[in-house]
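What follows is a set of structures for review.
Next, two complexes with chain A in common: one pairs it with chain B, the other with chain C.
This part shows the complex of A and B:
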């Protein structure tokens, strides 16, 4: 075992695979809820995991526009699949969140029946459920980049979302370098992967018989220091480097980001918008699987007597016809205007708003669109049309 | 309209049944936790499924389950309309004609002969039609059966003088909020979710099957693109077409889409405009 004192942030060690189980146990005994890849309905999803036993093994995901299939590799590796069916945003920005409930003062209820008087007093009870502390296990480089994008959305200097911030600040990130990018991947184009650079607590590269683990934070370091590990041989390190370099060459798609957003925002009347509108279902799936889309809606659930109400926040989408409804009508009344809004925001207005593009190249919107609309193809087509 | 009473008198509610399975009325009775509140808020004056006690009309709110399939019903619904200030069509029979509207694509007489020994005793109409096709309706609530919470929300909204919250978003949004994995993409199962009005809670995809549209069309659905996308996934002949030709079959958007799906499936039935024959 290597001397603990020699480890610093940035150190890489060779960890026997079984040791990861102890690391997960350590996280749990320190109050973290460990969430990671699990198999559900023929798909990899992110859910609570209690031990390494819960992780699926030997699976590769084959993703194409509108198609996701898991394939048995015949090996017993843990992290060969690439972006799961869901993103991690569900843990920081929950799809359903109770905000508060309110109850009408009981004496006045008695006096006024179910008609609310002017002096009715309401007792407001904020949601007091404890904030979960998550340890995310198996975060890919594109996914970490997506969390960084949502950080800019929800933790701005002028506005902070308290729910997001509380969950984000307690987060532990166990990252994984991608070795098997797929047909819908284009993180290289977006400059987000496949290899992690920073922002994680620990980062794994999975080899056949061990994990190479890099410490990225003091917390990661202290957890690692408790494990049995070895210094990685030069051979293993070279093999791992080679594997991540190879992965970068395996991108199934690419997106030319030169002169974005201008190429989109400058051509709002392109014919291509009409064509994509004929294919688009406006079903909102792309925005729901997108790890950076952040739109939400809040509404009140009132009881039939009008004495109690509770406010809930749920994921919403710019494809939802109600989303752009304002007094007097809908500002985006058709599918063409809604698809155009989504793409010009994601790859355009986002830049001015948050100083970063809203796309990290994970390819989920391509895989999970029921009719396989491919944003890289749409951008390329508009580029082509503009040139001609 | 507002039901907020000026006096202490509670609004009178009547629940009617036409051609239907009673499932939507049962959904109302299934409001176990809220039923006492409901009884405190409104005067349930006519609801034969719940009580034989009948208070005379007129009523403030009429809730109609079922579709119009007999000459007698066609007359009776007009009387109901006259009795009720605010009329709600409850469930997909009432909003679109229901599963019994499959007769609209075939011959009711042929069906009757198959089922009854003496069809000559029956009095029926050739088609099953929705309540709004017969009389003006103030609110429609889709579903086979309806989501009981939507029915409750409609009554609460009336009492509180606001619009009921029935989001027009498709079933897909509910699947995603629930964490249900898309059955189309991961398992190749045809599903109508992208064009169907949410509200059911996305029950079918959660059980590993495609949505068959019992909540009717969502407001801006692209049925053309849906059929083009789903029909090639048919696991047996006309799977997408038959999904469309089920509970909401008589809704205009479903009708046109089913015809397209039959055509794409190049089924012999498409030659007859997608008509089924016995």
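This part shows the complex of A and C:
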């Protein structure tokens, strides 16, 4: 065992796989809710995990447009699949969030309570559920980039979303380097992966019989220091570096990002929008699996008499028919304008709003589109059309 | 090894869950303005909130009717003489605004705000001002009108072009004489007259044909249905008024007022925080794209 004093941020150690279980236990005893990959409905999802036992093993994901299959590799590695069906967005920006509840003062509630009585006063009560403190186990480089994108959306200097911020500031990130990119992956094009650079507490590279673990923060370092580990041999380290380099060469897709805002936002009348609109079902799947999409709707849930109400925030989507509704009409009644809004926002207007593109190259929107619309193909087609 | 590494209680300090929490305001007075349009005078129930609350003409609040939801409504009064009251003129059109029909004096509603950009009253000093609005587009400009009236000598010729469907739909008709006397030329028009109407019949943009503008020193402030604004902008540009001197207030679906919920986007803008008031040179490339 190495002396803890020799470890610094940036140090890499070789950790026996069983030690990761102790690390998870340590996180949990420190008040973290550990969430990570689990198998559900023949798909990898991110849910609470109590120990390493809960993680599926020996699974590789095979993703194609409109297709997601898990394949048994016959090995017992934990992190060969990429990426999970859902993103980590759900833990920082919950799909359904109670905001506050309000109740009419009981002495003034009228028998015919559904009409607003005279001098109706309300008691308001903010949601006081404690903020969960999450440790995310198995965050990929594209996923970490997506969290950084949402940081820019929700934690701005003019307005900050307090719900996101409280969850974000308590977050522990246990990252994993990808070794087996899918046919839908294009993180290399977006400059986000497959190898982690920074922003994590700990980062794993999984080998057959051990994890190489890099410390990325003081907290990660102190957790690591409490484990039994060894210095990695030069051979193992070279093998790990080689594996992530190989992964970068195995991207299933690519996206030419040159002149990206302009090529889309400058061609809002392209014929391609009409063609993609014929295939798009406007089902909103892409926006729900997207790790950066941030739109939401808020509504009141009211009891039948109208004396109690609970206000909630839920994920919305620019593909929903009512998304752009104002009295007298809908700004985007047609699927063509909705798809165009999504793509020109994600790969265009986003840059002007948050100084970063809204796509990290995870490929989920391609996998989970029921008709297999592929944004890399759409961008290429618009480029082609514009050039012609 | 269960030594505590982190103080779990401290990381939340300073972040209360206050996203979308309204402050209560009591309905003080209700004034019917026209068919389906009502003005509500509101006062925050918390005197501290009331004291801190400051706004500028063109900005809006998110008005919350408990059990129904929120709607973006602009302030419609004179900033300086509303006795600290928040005045909203509301067209009872969709679910939330219709629910305001049930409000009586003494009832409470929630308010969040003020949000958004305001009319450029400083920037257009010394210029002629054309205020072109239609229907429910007048209330968001009423505060600007009064601000100009208060410092009337700081502006050139001021013309209000206002249109409504019928004479009964014209808002604040009792005030036109005051405005005229204060040096604002009021030109009203209706889509359909009735037996009492002796004024103009036609749409707002056509009123541009009844007076002359000096394009270099004229600013246009417009608010109303988008189709009306489209032609107001067309007429203004046709008179060589630069796009940077044409200010447009846009309406979009809004849920937060803070650029989070995503509904009100147009190109790079969140209408709620980057607008609702824009100089047209910033909007131009997007405003004319169909369904954008």
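FYI, the second predicted complex is superposed on the first by the 381 of 388 C-alpha atoms of A that agree within 3 Å, B and C clash if a C-alpha of one lies under 4 Å from a C-alpha of the other, contacts with A are read in each partner's own complex, and residues count from 1 in each chain.
Here is the rule we go by: contacts are C-beta pairs under 8 Å (C-beta built on N, C-alpha and C of every residue); 3 or more make two chains touch, one makes a residue touch a chain.
Here the structure is a predicted model, which means the values were calculated and not measured.
Visitor: Consider chain A as the common anchor and indicate whether chain B and chain C clash or fit when overlaid.
Guide: fit
Visitor: Name the contact category of A:74: first (chain B only), second (chain C only), both, or neither.
Guide: Neither partner.
Visitor: Return first, second, both or neither, reflecting whether A:41 touches chain B, chain C, both chains, or no partner chain.
Guide: Once the two structures are laid over each other on A, A:41 reaches chain B alone.
Visitor: Under the stated touch criterion, which partner chain does A:280 make contact with: chain B (first), chain C (second), both, or neither?
Guide: So A:280 only meets chain B here.
Visitor: Once the structures are superposed on A, label A:26 by its partner contacts, choosing first (chain B), second (chain C), both or neither.
Guide: After superposing on A, A:26 lies in contact with chain C but is clear of chain B.
Visitor: Between chain B (first) and chain C (second), which does A:306 come into contact with in this model arrangement: first, second, both, or neither?
Guide: both
Visitor: Per the contact definition in the header, classify A:321: touching chain B only (first), chain C only (second), both, or neither.
Guide: Only chain B is touched by A:321; chain C is not.
Visitor: Under the stated touch criterion, which partner chain does A:133 make contact with: chain B (first), chain C (second), both, or neither?
Guide: second
Visitor: Residues of chain A touched: more by chain B or chain C?
Guide: On the superposition, C touches more of the residues of chain A.
Visitor: After the superposition on A, what does A:249 contact: first (chain B), second (chain C), both or neither?
Guide: Neither chain B nor chain C is touched by A:249.
Visitor: In the overlay of the two complexes, what angle sits at the CA centre of chain A between those of chain B and chain C, given in steps of 10 degrees?
Guide: Rounded to the nearest ten degrees, it is 70.
Visitor: Mind working out whether A:368 is in touch with chain B, chain C, both or neither, as first, second, both or neither?
Guide: Touch status of A:368: first partner only.
Visitor: Give me, in Å and rounded to a whole number, the least C-alpha distance separating chain B from chain C in the superposition.
Guide: Least C-alpha distance after superposition: 5 Å.
Visitor: Go through chain A and flag every residue that touches chain B in one model and chain C in the other.
Guide: On chain A, the residues that contact chain B in one structure and chain C in the other are 115, 297, 299, 302, 306, 316, 334.
Visitor: Which stretch or stretches of chain A touch chain C in the complex?
Guide: Interface residues on chain A, with respect to chain C: 26, 29-31, 99-100, 102, 104, 115-116, 118-122, 124, 126-128, 130-131, 133, 153-154, 156, 158-159, 161-163, 165-166, 169-170, 219, 222-223, 226, 265, 268-269, 294-300, 302, 306, 309, 311, 313, 316, 318, 323-328, 331-334, 336-337, 340-341, 345, 349, 352-353.
Visitor: Using the touch rule from the top, collect the residues of chain A that touch chain B in their complex.
Guide: Residues in contact with chain B: 40-43, 45, 66-69, 85-86, 90, 95-96, 113-115, 278-285, 288-289, 297, 299, 302-306, 314-317, 320-322, 334-335, 367-368, 370-372.
Visitor: With touch defined as at the start, can you tell me which chain B residues reach chain A in the complex?
Guide: Chain B reaches chain A through residues 4-5, 8, 34, 37-38, 40-41, 152, 155-156, 159-160, 165, 167-170, 172-173, 176-188, 191, 193-195, 208, 218-222, 224-226, 228-230.
Visitor: Of all residues in chain C, which touch chain A in the complex?
Guide: So the residues of chain C touching chain A come out as 1-2, 4-6, 8, 11-12, 15-22, 24, 66-70, 91, 93-94, 97, 102-104, 106-108, 110, 225, 251-253, 255-256, 258-263, 265, 267-268, 270, 273, 289-292.
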